[in-house]
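This is the structure, below, for whatever I ask next.
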Amino acid sequence: MSLRDVLSPFTAWKHVINDPVTIKDPFSREASDRYRGFHQNDMDKCIGCGSCEEICQNAAIDMVPVEGQNAGPGDSGLRPMIDYGRCCWCALCVDVCMTGSLTMSNEYTWVDSDPDAFRFVPGVDAKSWDLEPKGYQREDERRLTGTVRAPMGETCPEDRIGNFDEIVDGFTAEQAIIEADRCVECGLCVATCPAHMDIPDYISKVRDGDYEGGLQLLYETNPFSQACGRICTHKCETTCAAMHEGDAIAIRWLKRSITDSVPRERYFDLIQKPDVPETGQSVAIIGAGPAGLTTAYDLARKGHQVVVFEALDKPGGMMRYGIPEYRLPYHVLDHEISVIESMGVEIRCNMRVGQEISMDQLKTAYDAVVLSIGLHQGRSTRVPGSEKAEAAIDLLRRITAGEEVPVPEQVAVIGGGNVAMDIARSMARLQKIKHGKVGVTVTALEELDRFLADKEEIEEALEEGCDIFPARGPQEILVDGDTVTGLRTWKVDAIFDAEGRFAPKYDEDDEMVHPAGMVVEAIGQMADISLLGAELTEQLEWNRGRIMIDADGQTSEPWLWAAGDAVSGPDVIHAVADGHRVAVSISRMLTAKREALQ
Amino acid sequence: MRELLYRLKDRYHFGTPTFQRDDLCFVTVKRSELRAILTELRDVEGFTHLTLLTAVDWIEEQQFQLTYMINNREANLTLALRVMLDREDATGDTIHDLWPTAATYQRELREMFGINFPGSPRVDEEFILEGWTDLPPYRRDFDTLAYSQQTYHDRPGRETHDPKTHMQKVLYADYPKGAK
Amino acid sequence: MEDVDDKFLKKNKEVPLREELRPRKVTTPDGQEIEIEPLRDYFCEAQPKVHPKAYSKIVEDFYNWARSNSLWILGFGTGCGAIEMRPLMTPRFDAYRYGIQWRPTPRQANLLVISGYLSVKTLKRAIRAYEQMPQPKYVMGLGSCTINGGMYWDSYNTIKRLDDYLPVDLYIAGCMPRPEALLHGFMELKQIIRKGEAEGANKYAENFAQYKANQKAVIKDWDMPDYNW
Amino acid sequence: MFSFSPDRSQYPQPGPDGKVEVDLETGKYLKLWHGPNHPGITGNMSVELTVCGDEVVEGKTHVGYLHRGFEKLMERRTFIQVFPIVCRVCVPEPDFNEYCYAAAVEELAGIEVPEMATWIRTLILEMGRFNSYMMAMGGISGALGLGVVGQWMTYTRDLMLDRFEELTGARIYHMFILPGGVRAHLPEGFEGRMEEVLSTAERYLADAEKLMFHSSVFKTRTQGVGYIDPALFERYGVTGPNARAGGVAKDVRKDSPYLVYDQLDFTVHTEEASDIYARTMVRFKDLHETIQLIRQILKKMPKEGPVMGNLPNVLHWKIPRGETYIKGESSRGEYGYYLVTDGTGYPRRINVRGPSYTHAMALLEHLISGTNISDVAALMVSLHTYPPEIER
């Protein structure tokens, strides 16, 4: 033991003269900028998808309805309630939040003698830290769910323009799994889908590789899953939780990957008619489009006898005669319809109601009649010379039917919707085949970003060499004798007036002449209601040119229902939803009738 | 590592080894040979350090996997020997005389998995739990959530809603779901 | 197949009394023979009593003021939150300036801080520690796990609601709460005491049977007297 | 003649197996519970001592006061949900759990970690080591009555917690090392503030050195006390500073470098005496090494780059069947995670190999018999054990 060892501890005394290290006011000490303190939630951004609840390993989060937040497209109306008797401040909820609405402040003090007080809905129950800008936020690059859509193979524009082959390759199994993996299964899309398909469930089937189970799930809500997997307007993808901070899930392509992955002959084993007794009641359906055939499918599966009357050569309606083959190949549609037929649905083609058979005959021969006639008449711009213009819908039908259509070197299309793109791209293909080059001009009233057509459609049309002139109003179709020579347009300044009514204003100085050997009008369609006959037309109630129906699709006549484009506007998935609704309503009526008889 | 297993494989029965990394290998051995292998590895091959001893419950196969992880600190090699035991009446062989610290592991396994190690010191004494009356908790068939909810009480008053069903209730309750 | 309900209604385990707790005859080093019955010798069997208020309000207020300014905490780190008490004992946060200090034995403490989750094994010790503390005494629950189980909400070995087993006067949210939050909690507790609302100990005495029933429902090897102080 | 050594001739002599027959009825023995509520215990655990006079005849470690059943809870949680709970396994040095778990998951799931993230991980681990050593130094000095050193160490540790807070967003449970990377970059000006902490720490350590290693009291109480025979190291699974104090220069960081330790210069310090003094000394030197390492990391690390690799959607993340073991050198010795996956979204089994498990159980029980009661606390602290990682 040296003297040094005895003395050296005394050196600690030098600290006597040091400044104290004590924090004078520990109560108002702020935590660091990144501190994971109490939660904040931006009510405007939150969509109530429940991913935070899903990831919370403490079961600390409940999704609860709150005042002032209503359910709507892409918003469940629920908001997270956090139980601070459970929370561990790991911030996984912040990390996983699909919109970035959930954050954490750097507040950390909450004392209370009531143990039940530690629950609150951030953003709704006012707290002192609601507006605190500091606190934990996720770094931009870090996401716990994938943000980028799996790439989709497509035929390149040069290869696809000269033919009507399908453009989109569809996901490979690996791509489909990668894409399906991004889904957070919140189910917001289900509410948006008109047919309320079980989207998260079938996506999870893709993830698990159970395509057959997925197919059965699809057919529970949609007998046109193959078609919808290709040409659906996919409203669901506009409310996908993933779209807020990345690409929406490619729901449509995933649906397609299910239907493509199951061998065609397996369909008939997987989707079988349920074992129900024949009711002996029968239903006539006018029009073999998606609405009519969905109704037929549902009713046949309930044991009713169903006959579908189709005016044209082949069933499919607008899916066959309106949608070009490169988007929905005919063999897919044929197979789809054969599945429906396997339920015992009888389809009589070339039976135009009003000509081959009358409405009255149907009324007496069947227990119920469904009107699903679609929109097969093109609207006209009624500008000078418009009598020389072609209707897009007509032209598409003729192309499908294999009729000879005139293919001039220059074509002008009026309209900015999907039909306009369809006809433009179809004509472009025909031009390429006939003349070796494309000469299509598309003009529309709207600005490009407000076109009604899907973005991909526009992009693909541009890729294929169509010229698009947005904000051009048609003024005259120039005619030289019997032949069309071009289209004269003015620049559009505004489409609607101050009250929001349709009243386009033009800049007359900005005039353009689009030379064209053919002008196609694609500005909308209407239903051909001549089949109803004067008497029935008189009896029915109407609403702005459309047959008025109730929530179940029933018209003012007790035996007549209406469904599909003719009443809901042009959209396959809407038509399917209509079909289900009408089928349930008819079935209910038929059951009541049967029970009354017994 | 490969060379070591190659050297030993004539005398002992090994399953197919998994070379997880260059310095980490898993291999299944027979229970009857475990002690001899461990002794040889420890005394001859330099695997002197028992890193851990634990069990995995493969309830689907009705087996417990005992993992003896031993480490050669000079060569920095880790070898994990798996021994499969029947889940019914599981009994392992004590190695506390090779490594005294194994007694602790064996006590834990006895308590948490119900695997007995006859002869291991204090193996039947309570280790971590006190007054435990249920199944050994680390067994897969013991449901901790159910036990917890029945033994302790959650604070009442919580209720959650699934966004999908909630939206159905609020937005489209009258839509007929499917064709079924 | 065993009935599920039955499985969980198992009777408390019959445990043999620990060796040192058994009554026995002992020879002292100087040759005397004495009889020892530890459970009787070490514990008092009297039930807890409700602590009456002082007759005069002024006196009671004075008492409460005095109590609030001498929070002596039992230095028993029951769970992870204990690690944030250490900074409070050191100069940086220096809780001593507020009349708060840590004591090594329950006999000298009047505040039991349950620093986080309690495993069943620790609960038994915590109850003993609490009962050995002289009145008036207070309990503070620290962290989420004392409120509703926290992140151990599905654990088989931790209690979920502290107030089932001990009367809690104040909770501090956090996992774990920072020293500053703890200080806030102590200040809040002082306020409560000063107002005369920190009645935890009396609540414990009043609902003694209920608390004991709750405690015995989870402590399967109860091997001590019902109340020990 | 007055003697410092008391008369212990009446004390029982151990039998040939080194054990003493304890018969409570002889009245010679007393059962003494050291903990769980005891100032001289490292955390919430207890040692059941059987004493004769002031000499410990037998000691049994009792743990389980902090048992939360983590290994069971992890089996019920998805791979991402395990991430927040692993750090709770060890309170004073949680980062090792995060690292080992993340590395195990990354290995089995085949996830690449960006370089920047591995540097930040190394930094975090060294900061955690700093904290842990500070606790150990404070603990050992406190156990021997040098309260002021404990105060200094807690203060410097607290300064480091401030750095932790600004980097990770929390003081104790950082939850920063996500599988796939880390949560965030270094904040602006972090290096400067870290340097302040490190130089303050060095100042206090210089003082502490005088108070501890040059104090006659400390030396008398620790030198030659709590000797572990290096021959026992392998058999009792002694690793880390406890082994290094007995001349075994083993350190996982050096022997099988993980993260970026192969790009860092550091020395593995050893002592020969293998007693409390030597163990404390090794920690003290290692603490300086850690300070040096933190400086080195901050200097050498890249300034930018991504900190997160690509994760699949964590809400339904499945990992193929496999098993692995990841280890690292924590402040107490070899820390490891044994992860078994079975192809589902949940781990089949996770086993935590904490160094305290071997140190505080079999080893402590072996060492404790024959010591003086007053040395028990110092002995326990010198082994540097944290109860939560023993029982998990």
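A, B, C and D label the chains in the order they appear, each numbered from 1.
Keep in mind that, in the parts below, a contact is a pair of C-beta atoms (placed from the backbone, for glycine too) under 8 Å apart; a residue touches a chain by one contact, two chains touch by 3 or more.
Treat the numbers as computed from the prediction; the structure is a model and nothing was measured.
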{"item": "Chain whose mean Cα position lies farthest from chain A", "value": "C"}
{"item": "Chain at the geometric heart of the assembly (C-alpha centres)", "value": "B"}
{"item": "Interchain centroid distance [CA atoms averaged], chain A/chain C, Å", "value": "60"}
{"item": "Centre-to-centre distance between chain D and chain B (centres being mean Cα positions), rounded to whole Å", "value": "24"}
{"item": "Gap in Å, rounded to a whole number, between the CA centres of chain D and chain C", "value": "29"}
{"item": "Whole-Å gap separating chain B and chain C, where each centre is the average of the chain's CA atoms", "value": "36"}
{"item": "Set of chain B residues in contact with two or more other chains", "value": "128-130, 137, 142, 144-145, 155"}
{"item": "Multi-partner residues of chain D (at least 2 other chains)", "value": "64, 67, 69, 72-73, 76, 84-85, 155, 173"}
{"item": "Chain A residues counted as touching two or more neighbouring chains", "value": "21, 31, 57, 83, 85, 88-89, 115"}
{"item": "Chain D residues within the chain A interface of the complex", "value": "77-78, 80-85, 148, 155, 162, 165-170, 173, 175, 178, 181, 183-185, 187, 207, 210-211, 214-217, 219-220, 306-308, 311-316"}
{"item": "For the chain B and chain C complex, residues of the former touching the latter", "value": "128-134, 137, 142, 144-145, 147-148, 150-155"}
{"item": "Contacting residues of chain B [partner chain A, same complex]", "value": "155, 157-164, 166-168, 170-172, 174-180"}
{"item": "For the chain C and chain D complex, residues of the former touching the latter", "value": "19-20, 24-29, 74-80, 82-84, 86-87, 89-92, 104-106, 117, 119, 121-122, 125, 129, 151-152, 154-158, 175-176, 178"}
{"item": "Parts of chain C lying in touch with chain B, wherever the complex brings them together", "value": "7-8, 10-13, 15, 120-121, 124, 147-149, 153-161, 164, 217-222"}
